[in-house]
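Going in written order, the chains are labelled A, B, C and D, and every chain counts its residues from 1.
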């Protein structure tokens, strides 16, 4: 939780890459340990993490199913009509399934422990070294901050405009795709105009508050890499080394 | 920073927020299937056609990736960033070159961008859970693509008739 | 007393593109001196030029002719733009469209961050500013969870954190409910009295203008009336002709006078009226 | 048209951690052709309440009957919505068409009316709100704020509702704009004999216009009655964060000082009359 957002982002990327390094089941043991450890430290209730898995349930079943039935080779275990279950199939299915689960759990750990604002700060600071080659790091971060700030406002606005048009007899719920698309116009046009009007006003307000881009700008909250961050980096590095080493294990 | 660039930055930011909102909440149920088409892609088309390539790429990529993050599909966020970003880029670059005033040109460009979107997500899915399983997402994405092209074209058409946006495009 | 803002022959006009009436004059050769430490209200109907005038005080707009000086600095002098904006901070009408960050304290820090101030100093200023508008306990909230009045106070805090000598508020209460309006007005009154910050309040609500030290009435880019609230509001008929209101008791006094009652027309508050009528008891 | 609201309650986000009760056991009756004011501070449930009156929200419990039809159980909300028009706060933000004419025509064309009927209605609505018919082909986005708001109000009037609900129609306008819009609303109420409901923060406006006030507080109806009755409860209204017209304060303070004056004065002219009487009588 308290890790520097930059460290978290980098570690998550390393984690995802390391998932694809793994070629053997034994590698997953380490991943499992690593994830369980992270969950314990983050103190996020397991329920939340399982909730994150729900939306991918269908694709998970599909992945497992398809791999079970359509992987040739290995010992034939059972067959249902033309569908054959082979040992290779079971292996691959389990393998892919686990990879997917770990992928989801790992990334949801990042998003559950890091606020989008912290992520934005992290991204800005990570991109900063690339400024010299023309990467607009500050502008990107500023933009993301403003976007995050206005998402709830625009959500509310959407609801308001929708209700106002329904009160004028607009119908958002029937007809074919073409008709529905047309029916959305009374919602979408005012929403756009509202967004641009807000942008105009916000730009003036920012100017009045001495905004002049990223030049010479300081920050209230400085990002600092602390001991915990170094420990986290160390642990993750060990994991990666083990996983690479794991590729040469016989099982 | 010049004043114009700075205003542009705020426009892109609001467009980004709008794309996130459009992806997350403005959905129309598709008839026959039980799926939904969200407005996100149509907003990307619009952002790209009004604000240009840089804005199309950034607002498309960031806005859609944020929607993924906020609705718990964090795994998809990096893929989405690239796929939707390039989607916006395609629209902006192609519309810039050709006479974008003709609506059939515009629709063709939107279709192309939608095809890229379907293809991109297929590749993403394939890397994450295999080529076969990834096929499962394709029909849904195709419907999303078709819906987006329809809504996007109607939207750009009706907005281009409003004076406010005519001024915006010039200035 | 020092003048914090001075306008000299300030004219602002723009091309309309309309054939017959090519130039639209929004501000017509204005001369204004605003004294430091005062609470000044500017009233006038929509389109009278008051918002345009306010934007000149913050160097958001430049005069077509004439000059505006903020603390002696000419707004046309581009070297001083940032000093001017820091000296004369600005708060706008829509509380939603002026907050930048997703967390209250980060929004308040936005101005000082732009000025390149040391983080430790920013921390101090943010805490001070949040306390000044009585919003310290909301420092970690998200702006969209706050009421309109609270958002507007955060916007004021954002200006305070830049250590301004003067705050210009462009209809800050127009979109608020009576409670939010009261919060904002109490806050700016306190900042004026306790911190000595000059307040320039543009408003449509006469009960707010009554609280000021000086009221300026704008009409079609000109100054129609200028003086203390008592001097200005006794011109009931003129104000009504300009499309403005007067407080109900002032209107009552005016009407009683027309009926031949010997009543001072300078009555602005309920108390003053009560005192007058009680004389006859 | 009359409205009966019987014991309605409404819970937002029921069953989630964000659950909140916006309306608690609200009941009242509005008779045909009444002009009703609803007051209450932000969060008192006013907005939630008016959204119930044309079926945009469904009560968690309770019943709403409009002209004898129970709208909480009927499926055909379209019919209710053509009878009950709502002008939301800042209605100009819902404009979307390229011309004023088309925007005002949006409502009636959703009702499936023939073209000449729509045309007639649009022109009539424009005249009613004080827009010149020659403006019909202008873009609404070229207009001033006050004019845009009139276009939006005309967009609801053109549906010819029998009940008109306006949520703070004067918010953000200057005094002249306020007076003009309120004048129009009064005219509409009288000319079309519409049952009118006005939500407002301005006690002065409410006192001038309506013949019945409903005071909302924390999701409940806290006071209901004629303006004279309601504004007598100065202390109670103040406790709720509301006020009364300045003139009512004046009369109260005068009475406190032992001057015998009636306690139900609402307007400047009424006050003038009775103070003159008093002063001349001394």
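Methods note: a residue touches a chain if its C-beta (ideal position, glycine included) is under 8 Å from a C-beta of that chain, and two chains touch if they have at least 3 such contacts.
Remember, it's a predicted structure, so these values are computed and weren't measured experimentally.
Note on interfaces A-C and B-D: more C-beta pairs are in contact across A-C. Subunit B and subunit C, compared by their mean Cα positions, are separated by 42 Å.
One inter-chain figure worth recording: subunit B and subunit D are separated by 41 Å, centre to centre, where each centre is the mean of the chain's CA atoms. With centres set at the average Cα position, the gap from subunit A to subunit B is 18 Å. Residue positions 116, 145-146, 148-149, 153, 185, 189, 193, 198, 202, 206-207, 211-212 of subunit A are each in touch with at least two other chains.
For subunit D, residues touching at least two other chains, in rising order: 96, 141.
Shown for subunit B are the residues in touch with two or more other chains, namely 158, 162, 164.
The touch graph of these protein chains has some other shape, matching none of line, ring, star or complete. Looking at the complex, you find that subunit B touches subunit D at residues 158, 161-164. Against subunit A, the residues of subunit C that register as touching in their complex are 58, 60, 82, 85-86, 89-90, 92, 94, 96-103, 105-106, 109-119, 122-123, 126, 142-144, 158-159, 162. Every residue of subunit A that touches subunit B in the complex is listed here, in rising order: 51-52, 55-56, 58-59, 62-63, 66-67, 70, 96, 99-100, 103-104, 107-108, 110-111, 116, 119, 139-140, 142-151, 153-155, 158, 172, 176-178, 180-182, 184-185, 187-189, 191-193, 195-196, 198-200, 202-203, 206-207, 211-215.
Of all residues in subunit D, those touching subunit B in their complex are 96, 98, 139, 141-142.
Of all residues in subunit A, only 157, 160-161, 163-171, 185-186, 189-190, 193-194 touch subunit D in the complex they form.
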